[in-house]
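Chain IDs A, B, C, D and E follow the sequence of writing; residue 1 opens each chain.
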């Protein structure tokens, strides 16, 4: 029934769980170590953000699922790190799953992470695959009592999280763009240090971002059209803004892909031109000197009877032959426009 | 009228037929050897799963068709192993035909099998082309009296069978993915053991899975939209789950195809770069030494009258010529950035 | 007004015309030599199949057009052998034009033929471009008094003709598939007998079938949706069957096209690899022996004053130079991983 | 406001204007030299065809525009020879602009001409860019008092003009098809006279026709769906006929384009195969004879002390070395399947 | 929340702001240096055009946004120079953002500029990224009291600005077209001065224009369908005109792209043909003379015992060998059609 059935039953690490309770005048942060702690906060008259890092401990996730009435198949989608981004509406909450792609130190160390977001009337839950995240700015903004995050609904909160995700895509595209320019200089400026592996890895990075952005665009498009009670009119202008960002990202990716394809083609043509030049050089030298060497070889033979050897003007004559042959050859190559 | 008319009338082997009768409290398994046995089980107040392995014996299949009111053209689709996957709704049952693709021992031995599934109010029939199948887990799950398979309708049962089929596609894609990584290492890491035939066979495997998955996705999409009385609301969440799996599979296939194309292109470029290097080496050596050899050849000629031969400083002079020519050549190549 | 205006007015051969009169209890066959004979059969209380072979004799075709109220533009479509397949509904009949593509002796002699089918309430007319056809099985089945062809309507009759046409497409695709496998063995198995012309002709055959199948699929799709009074509900299951066949054919064509493209690419890569190997062999031999030959050439010079020539150990010394140079070169090539 | 503002104000030539007045019993032809003459013919109870050749004289065109109430932007479209083909409906007339592409002497001299057609209740106006046209057959048919052109409406008249235009596209495609066959013979039959420029020009011609045909197809599709009062039911069967022609043309273009692409690919592969053959020949000869020449060179050295020179059987021995080396090499190449 | 957060807080230059007040009888121009000046003009009974050049000074832009009730996200779109062109309708105004692409001195110095246009009931605001613009013609036309710009609504005014923008795209496409022809001559006419970088930069320019034109076309399409109260029926014919221009531009871009692709392919084939020729020349010369040189080398050996050296006719005999070998080789190459 599941693509993910983990048959081995090791003890899995408990996920790191932060729980924020917040209202216009309140902000509390709690570290949760056991799922039984969660229930006590739900009943309070505040909004709740539960951030869960780590998807390996199935029983704990199942407990959370029970608390918030999450369907087993939805839980499967939360745990399945290969799950395609999607948005699903339920009575109790809206479910979104997407990919965080970000880097802490440049293109060498890209982190791809499967995240899931659920927002109900009074709660937001975020499930993350790995401990690090890009939500620190959120935590800071949450502390501002007059900020929209505290005042507006859970849909706006979720929008803010998604916005963070999309911002990271932009940063990666910018990094790739910079690398592309290095590549461009390398190929157009005839720098010799082009590494084919780089081109390949570039393309793969583009593919990865595109693979995550396409369905994200669909998600936002679905959100825009949704009439779910938890999705409010007021947020639609913000959602439209990140929707447009995804469109821009996809167009940038397409352009960068075309650019790389074009560069590789230029590079291939460049190699062909160089090869032609090399071969012409070889051919000109070889076709001139190989016959001359043969002629010299003839008169290096030691036959007893070779009348030319005795003649007085043989040597100057042979030089005349050498020179006229060379001139004729050069004229032929010139006429053929080989140089 | 049929693509399949088998004119030769050999005696075909009787298909292997298992029949399960099951209800919430009952589970019986019967081996059927003659179609006449089937009728006695239909009338019983249980659900029935008839699993038929082998499509060659036309008369027996026609008997079954008669028992369950299967139209001759539908029977043709069951027997035609080239039939494209599809879903067709009839009054008595829903008809689905698809492809099982699985392997028992790796990518070397992929088994592709044409299967057809029919589910009516109280029965499920599965027709298989070959004896082996991937339904053993089903047989086990059926023994669990409190399992959904026993409790829910025939549509859920059929879903379970299709889910098994799709799970196998995932496994194959994973296997291909692993092979792709080997290929990637081979090309990017400049391992010399790349076999072109492997690339070709990879691509073919991708094509085969895609060919079966595209229409399967259409089938599931049709199922989702169907309002046939045997297709219940309750199953739709499960169907949506495998529908999403097919979308994921198709995207994975597309990505893997792009990856292979990209790798082949990188490989071609790599070959061109290497060729350039080889030719440059040859050309540098040849254009330096061929003229020098010619000069040496000149003074190897045996003409009686060759004044230079008699001169005292001819030999050191010729060495000066050798060396300056070589230096000039190397300078020329350096300026042309050949090394 | 017409693409087809034949300005030269030679006497064109009279087309071969067969006329069948049939009912549940009747079957008469008549050879028609003049169009005036047709009218007498129309009024009879039987269904009528008129099969016309040969489109060159314009006056006779115009006579037939007059008898059956065929519009001049429709007649033009019947005569225009470049006409794209289509279905058009008129009050008196449904008009279908398509391409027969078949072979009597393998891929070497493919016959492409423009055919048009009209079916009204009581008549079917088939116009063929060339004498041979693939309808002999029809003629046989017509003799069976209890067959569907005799009992069902003119739409079923027309379906049967189209089914024959589509069956021939399958046969051609199978033939091409077999050839593709030969090609595959040739390229993957490194057989040297690949003929480029074959690849080209393969592709052209695929194109031709696709060109005819695409609009045929549209025709059948139009038929399925049609509510013309002569198109009966009962036939729709049959039409759907050949509709699916055309989908299958188009998918097969697409796959075969991809296969050929993939094979050509593999072949190109293969040639590049081989070229690289050849060039490396040449370069290794040449870069080792050309400098050695030069050294030998030096001591083949006949200068009077060449001190080395007189030295006692010159000859073994020169051998040491030869051998160390060779070893150095081989080491260099080894390090460059040229072999 | 206009892409076309011609700032220099030279005196532009007056366009050539023919005016036909016609009814079922009337046909008058007038040559117009000043726009003031037109008004007198409009009021007469006949249909009017005004054919204007030459778009450079802006004032005269503006006069005509005033007479027939043509909007400045529409006049701009008439004058803009880069205008994309389109159909626009106005209250007073239907406006169509398209491209005439024809040749008087083969593919070398293709004439592309921007034409505009307007048809109102009682008038047809055709604007042409250049003097020559393809409407002579129209002028002849107009003289036939019982012809449809005289009897049917202005929409039929316009259809006839468009039909002429489309017929010329067919002729060009046929010409290109013939050239393609020459190219095919050249590449498949290994004729050496392939001119790359030809391939390029072929492609360009295909592009040009496609560029004009795509929007023409849209025009005809719009006409088919139009309910403008000047577009009558009766003409729709004719419009459908040329609509189908444009579909056929576009499919032919696509096929010819694929054919050329396929041919170029075959040609590239062919060049690679030949290159391989050439290089193998060189490598075999060079790797056999270069080492042998070196060996001969050794014993051509003039060292005083070279014991082998004195030995009695040195010479036959060296021949044995020559021959065994050669045989070994040939065996190696044979094993590598180089010939 | 924004892709554009500029963290460094330098003092940014005040944008250059022109303000035009105009009515049928009025035209006033004011240079604005502080946003507080704007309010006094809004209340006057004239239409107002505010042209703002420079997007770096955030506070001033925020002031303007406040005055005209521009939403923060819209202001973000105005400032974000990477913003994709779009049209958005608000109650107070219609918002359009697009790209100006123009050149003052040829393709070497293309200026791409992000502009935003807002038009309300009585005002038009244009935000520009850089000081130079292409609106001088507008300023002139505005001085004409009977011109449409003074009489018609703000939508017509905005149309005029967009029309200017699109006209510049045409000019660039023409420039690229001219360069393409130079490239074409270079490749088809075998001029040797093809710079690969040029091809690459061409393609990039095409991409840039396409990237801006695609969404502009969408904008105009949205405008055409809009029923916003500030968008009047009367302007629709003008909007349709520039809509058609964008379609033409996109088709031109597509054609030019295909042309470049086709040229690069031709060029690659051309290089292959030349390479083949070069290699054939080398191979013919080398395979003829290398064996001959070996033969000459044999008889240059200094073995004491070499009977042939003593024979009387050895020398003429060896010439016969030389000549017959050469002829045989040439015959072989001729037969292989190498020349």
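Observations on the structure shown:
Everything below uses one rule, namely that a residue touches a chain if its C-beta (ideal position, glycine included) is under 8 Å from a C-beta of that chain, and two chains touch if they have at least 3 such contacts.
In this text the structure is predicted, and so the values were computed from the model without any measurement.
Under the contact definition, chain C and chain E share the contacting chains D. Common neighbours of chain B and chain D under the contact rule above are C.
Averaged C-alpha coordinates put the centre of chain B at 42 Å from the centre of chain E. In whole angstrom, the spacing between the mean C-alpha positions of chain B and chain C is 26.
Touching of two or more other chains is recorded for residues 268, 272, 275, 279, 282, 286, 290, 293, 297, 300-302, 306 of chain B.
If each chain is drawn as a node and touching chains are joined, the picture is one closed loop, every chain linked to exactly two others.
Interface residues of chain B facing chain C in the complex, by the touch rule stated above, are 1, 3, 71, 73, 76, 82-84, 86, 190, 192, 196-197, 199-200, 203-204, 207, 211, 264, 267-268, 271-272, 274-275, 278-279, 281-282, 285-286, 289-290, 292-293, 296-297, 299-302, 306, 308-315, 318. Listed in rising order, the residues of chain D touching chain C in the complex are 160, 163, 167, 170, 184, 188, 237-238, 241, 244-245, 247-248, 251, 255, 258-259, 262-263, 265-266, 268-270, 272-273, 275-276, 279-280, 282-283, 286-287, 290-291, 293-294, 297-298, 300-307, 337-338.
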